[in-house]
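Let me begin by handing over the structure; questions about it come next.
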Amino acid sequence: MIKILVAGFKGKMGATATKMVLEHDDFELVGVLDPFEDNTNLKQMAEYPEIDVPIFKQKEDVLSVEPDVWIDFTIPKVAYENTRFAIDHKIAPVVGTTGLTEEQLVELTARSESVKIGGLIAPNFAVGAVLMMQFAQKAAEYFPDVEIIELHHDNKLDAPSGTAIKTAEMMSEVRTHKKKGHPEEQELIKGARGADFEGMKIHSVRLPGMIAHQQVQFGGVGEGLTIRHDSYDRSSFMTGVALGCKKVVQLEKLVYGLENLL
Amino acid sequence: MIKILVAGFKGKMGATATKMVLEHDDFELVGVLDPFEDNTNLKQMAEYPEIDVPIFKQKEDVLSVEPDVWIDFTIPKVAYENTRFAIDHKIAPVVGTTGLTEEQLVELTARSESVKIGGLIAPNFAVGAVLMMQFAQKAAEYFPDVEIIELHHDNKLDAPSGTAIKTAEMMSEVRTHKKKGHPEEQELIKGARGADFEGMKIHSVRLPGMIAHQQVQFGGVGEGLTIRHDSYDRSSFMTGVALGCKKVVQLEKLVYGLENLL
Amino acid sequence: MIKILVAGFKGKMGATATKMVLEHDDFELVGVLDPFEDNTNLKQMAEYPEIDVPIFKQKEDVLSVEPDVWIDFTIPKVAYENTRFAIDHKIAPVVGTTGLTEEQLVELTARSESVKIGGLIAPNFAVGAVLMMQFAQKAAEYFPDVEIIELHHDNKLDAPSGTAIKTAEMMSEVRTHKKKGHPEEQELIKGARGADFEGMKIHSVRLPGMIAHQQVQFGGVGEGLTIRHDSYDRSSFMTGVALGCKKVVQLEKLVYGLENLL
Amino acid sequence: MIKILVAGFKGKMGATATKMVLEHDDFELVGVLDPFEDNTNLKQMAEYPEIDVPIFKQKEDVLSVEPDVWIDFTIPKVAYENTRFAIDHKIAPVVGTTGLTEEQLVELTARSESVKIGGLIAPNFAVGAVLMMQFAQKAAEYFPDVEIIELHHDNKLDAPSGTAIKTAEMMSEVRTHKKKGHPEEQELIKGARGADFEGMKIHSVRLPGMIAHQQVQFGGVGEGLTIRHDSYDRSSFMTGVALGCKKVVQLEKLVYGLENLL
C-alpha cells in the first residue's frame, strides 16, 4: 500500500487524480493539500461523502500523515516549491504541473540524487501516446516507408498536430532518409500527398465528432504495420499518473518524461 | 441454370471469367470463342483437363449452343461487333472490354431496346468499389463534413486516385457546400490538410505493400461514419461479372455502368 | 426559417435540443414548455443569458407564438398528449420520447393523415447509426460473407449489442443464406469464431476507454468492404433531430423511425 | 558491399531471395548453389538475362568467390550441412530453411561461437509480424485490457491463428492477470465474446478476399492503443532476410529467431 498526498486536489486534474487514488487497490489517500480550502476533512465536502481524509492548508502539516508519494497538479511557482519540499522530506514527487524552467528541473534532479529519492515530472501522462511514439520510432528503423495520419476535431487550428510532428522527429532520428512515394509522382490537386517532413508524409484530418487520434502507418514489401492511438477524453492521463506513483518509490532520482519509465 | 459463352477466353480477364463460370453453381459454360485458337474443345488444353466445352472460331457458330449470356473481354473493335451480334441473336451481353465510343453505346442501347434484350457494359466490375461510392454519396447528404483517405502502393504516379476524385464528384452533387475544418486553421507544414475538392479534403497515402484502398470518413456531432473499400487483387471484378450475368437475363435493355444494377 | 418549440427543455435531451435550435441557422426558437418552471423567459435563467424566448407552463399557451415544429423530449404520457395536441393544431411533431404504445402510434398516425400534417417519432436519432444499418443491408445483397465486430466500453453487460443484432436481422432479410468460414473450420479455443447469427458471425469487443463502435465487414473475391460507425457521445442524436425538423414540415403524415426519412 | 551466396536459388523462396540480393544497393550476388543445375552461369537462364553470376554444383566450389554471407533456403538435411560448412569457412549463414532439430541448433551455435562468426536461423522472417508481437508484449505491461482480432481468408481451418496464440502467450508473460469485460457480462449468443486466453479475448474473422491480418487492441481509461499487422503476400519475408544479411556480419555468434536482432 503506497501512501499518497494530492496537492491541488480542487483543480480539474487534481480532482481526477484524487478519485483515481481513492479507487486504486494499491494506493491509500493519506491527505490532500490546498491553501484556500477551509474544510479540514474531505467528508465535509459534498463530492466526497464518507471519505475520511484530512485536508491540509500548509505543506508542512502533511508530514504528520507520512506520505510516500506527492502528486502535484498545482501551478508552476507552487509546484517548484512543493517538489523541493517533498524531496527534502523524502516524499517521492509525481508532478503533472507544466511550466517548470530548465534550471528548476536541473536543480530538483540534483537535489533528488543527493538524497536518493525517486520522482517524476512529466508534461504528458498518456501512456498510450508515449508508447505509440516509442513503437513508431522502433519500427522506423526497419521500415523507412512511413506516413502519419492524425485525426482531430475541427476546432483544432494547427496542422499537423504537435504529437504528429514530435513523432516524425523521433522517427527521423533513426530512419534511413528516403523520399516517400514514386520519384515521378504528381499531385493532380495540390496537397494530396500531405505535408513533407524529411521525406515522410503527414496527413491531417479534421472532422466534428473526433477527439484526438493518430495512426502511424508503415509499409514494406508485401506487408504493412500500423500503430494507432485514440484519445477519447482527458482522463487518459490517469493511467500514467498511477504508473508514476508505483515506479517513483523504486527510483533513486527524479526523472523527466514518462517515456523514461516505460 | 444460365447458359454462358465467354468471348476472349484466353486473355487474363477472359480466363478468370471462364473459371468463374465453371465454378458457379447457377451458370453453365456452353462455349468459348477465340478466332486464333486451333483446339476445338477446352479438354484439349492443359489448363482445362476434363472440361468438355466447345471452342468456337467464328461467332456465327456459337448459336448452335444457344447461350443466354455473352461475356466479352476482347478488344474494343471486336467487342462492338460481338455485342451487336449478341443482341441481334437475343443473347444478353455482359461486356468488360473498355474503349467503346459514346456513339457505339447509344446505338447498341437503342438496338437492345428494340429487341427487348438486356445487357451490361461496364468499365468497372468491382461491386465493392461501386457500393462504396454509392454509400458515400448517400451519407454526404447528411454529413457535409467528409474527408477521403486513399492508400495505394508507391508505384502509383498520380494523386489523388481516379476513384477518389470520382467519389468526391459524386458527393459534391448532393452535399451542402461547406469548407472543411476551422475557418482559421493553419498549415504549419504545407499540404498537411490535403487536397481541396470543393471544400472536402483528399489525402493520398503511398506505401509499398499496399494495393488499392479507400476510406471515406464522415464526422457529425458526437459521431463518425466510415466507408472503406479494400482491393486486394484484380480478381475482385468477378463478383460484378457474376452479378451482371444474373441480372441481364431479367432486363429488357442494355445498361451502362454496374452502379445501375445495384 | 422554421419556428420551433421545445417541450421538456429542462431534461438532458431537451436542453441539448434547445441549444441545437439556438445555434442552427435555419431554425428560430419561439418558445419552450415545462409545467414546473416558474421563470417566464429563458433570459431569467443562468444557462441562457440574453436569450429572449418565452417559457410556457401550459401547452395551450404556445399557440400564441405559432410554432411550425414541436420537439418533444418529455415522458411517454405527456408525449402522447403533446403530440396529439400538436397535430390538432397543425404543428409538426418531432418526438424523441420513447415508450409510446403501438396503439398510440397508430392513432397518432391516422390523426396526422386526416389533417395532412407531417411528423416524426423516433427511438433512435443517430443518423450515422441508421445509415450504417441501411448500407450494411444493401451490401449484404451482394456479399453474403459478412462478419460484425462491435466494440463497447467494458461496463456493458450484454453481448452482442442490440445494434449488432438488429443489423444482423436486417442483413438476413436480404442475404443469401450461407454458413461463414470453411466447412471444416475448427475452434482451437471455444468462441474464437464469435457468435453465430444465421451463418453470419458477430464479435463483441469490450475495452475501457471505448464508447460505442460497430464495424460491418464484408469480403468478396479479392476485395473487402467495411462500414463503421463510431458513437463518441450522446450528442450524436442531434444531427437526426435537426434533420427531422427540416423534413417534417414537408411531410403530410407522421412517420415512425428515422430510417424512413433517409 | 556485402558479398552474398544463395543456396537453393531455384526454389520459390530462394528465387525471391536471389532477386532481392540483385536489387539491393548494399549487396553483391557472388554466386548461387544448386547440385542439380547444369547451367554454370545465371546468364544462361531465361529468368536472369545479362546477370553474370556463377552457378555452383558443389558447396566447396563457392569458396573461390569469397562470400561474406550464405543465404540458405534448401531442405533441413542440406541446410544443416550447409550451415556447418559456412561457419567453418567463416561465411555468416542466414538460414530460412525450417526443420533443424534442437540438437543441431545447439551444435551450430557452439561452433559459431568458437570461430566468432555471426549467423541467423529464423522460422519467420516477417519483420512487421515480429515487431507487432514485441510491441504488443510491451504494451501489455501497462494495459492489461487487451483483445486480439485476427482476420484471415476463409480457407483457413483453425481459429485462432498460430500468430494470435503466440501473441497472447507473449503478452501473458508480462501482463497482470485480469478477466476481461464486466464480471457479470452475458453472452446473448454463445461465442460473442470470443475465445478466452488467460482472461484476454481473441476474435477470429474469416472472409474471402482477406489474406493475413492481426490487430491487437488495448484499452485504458479514456484511451485506446492499437497495433496492426497486414500481410499481403509471401514476399513480406524479404525485409527480414535483407536485415539479417546486414546484421550477421557484425555478430560473433549464431542467433535463433529474428526477434533477437530487432
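Letters A, B, C and D mark the chains as written, and numbering starts fresh at 1 in each.
Following the convention adopted for this analysis, contacts are C-beta pairs under 8 Å (C-beta built on N, C-alpha and C of every residue); 3 or more make two chains touch, one makes a residue touch a chain.
Bear in mind the structure is a predicted one, so any value in this text is a computation, not a measurement.
The pair with more inter-chain C-beta contacts, choosing from B-C and A-B, is A-B.
Most remote from chain D, judged by the distance between CA-atom centroids, is C. In whole angstrom, the spacing between the mean C-alpha positions of chain B and chain C is 35.
Centre-to-centre, using mean CA coordinates, chain A is 49 Å away from chain B.
Along chain D, residues 209-210, 218, 220-224, 230, 232, 236 each make contact with two or more other chains. Partner chain C is touched in their complex by these residues of chain B: 126-129, 131-132, 135, 138-139, 142-143, 218, 220-239, 243, 262.
Within the complex formed with chain D, the residues of chain C that make contact are 145-147, 149, 151, 154-160, 165, 180-182, 184-197, 201-210, 217-224.
Interface residues of chain D, counted against chain B in their complex, comprise 209-211, 230, 232, 236.
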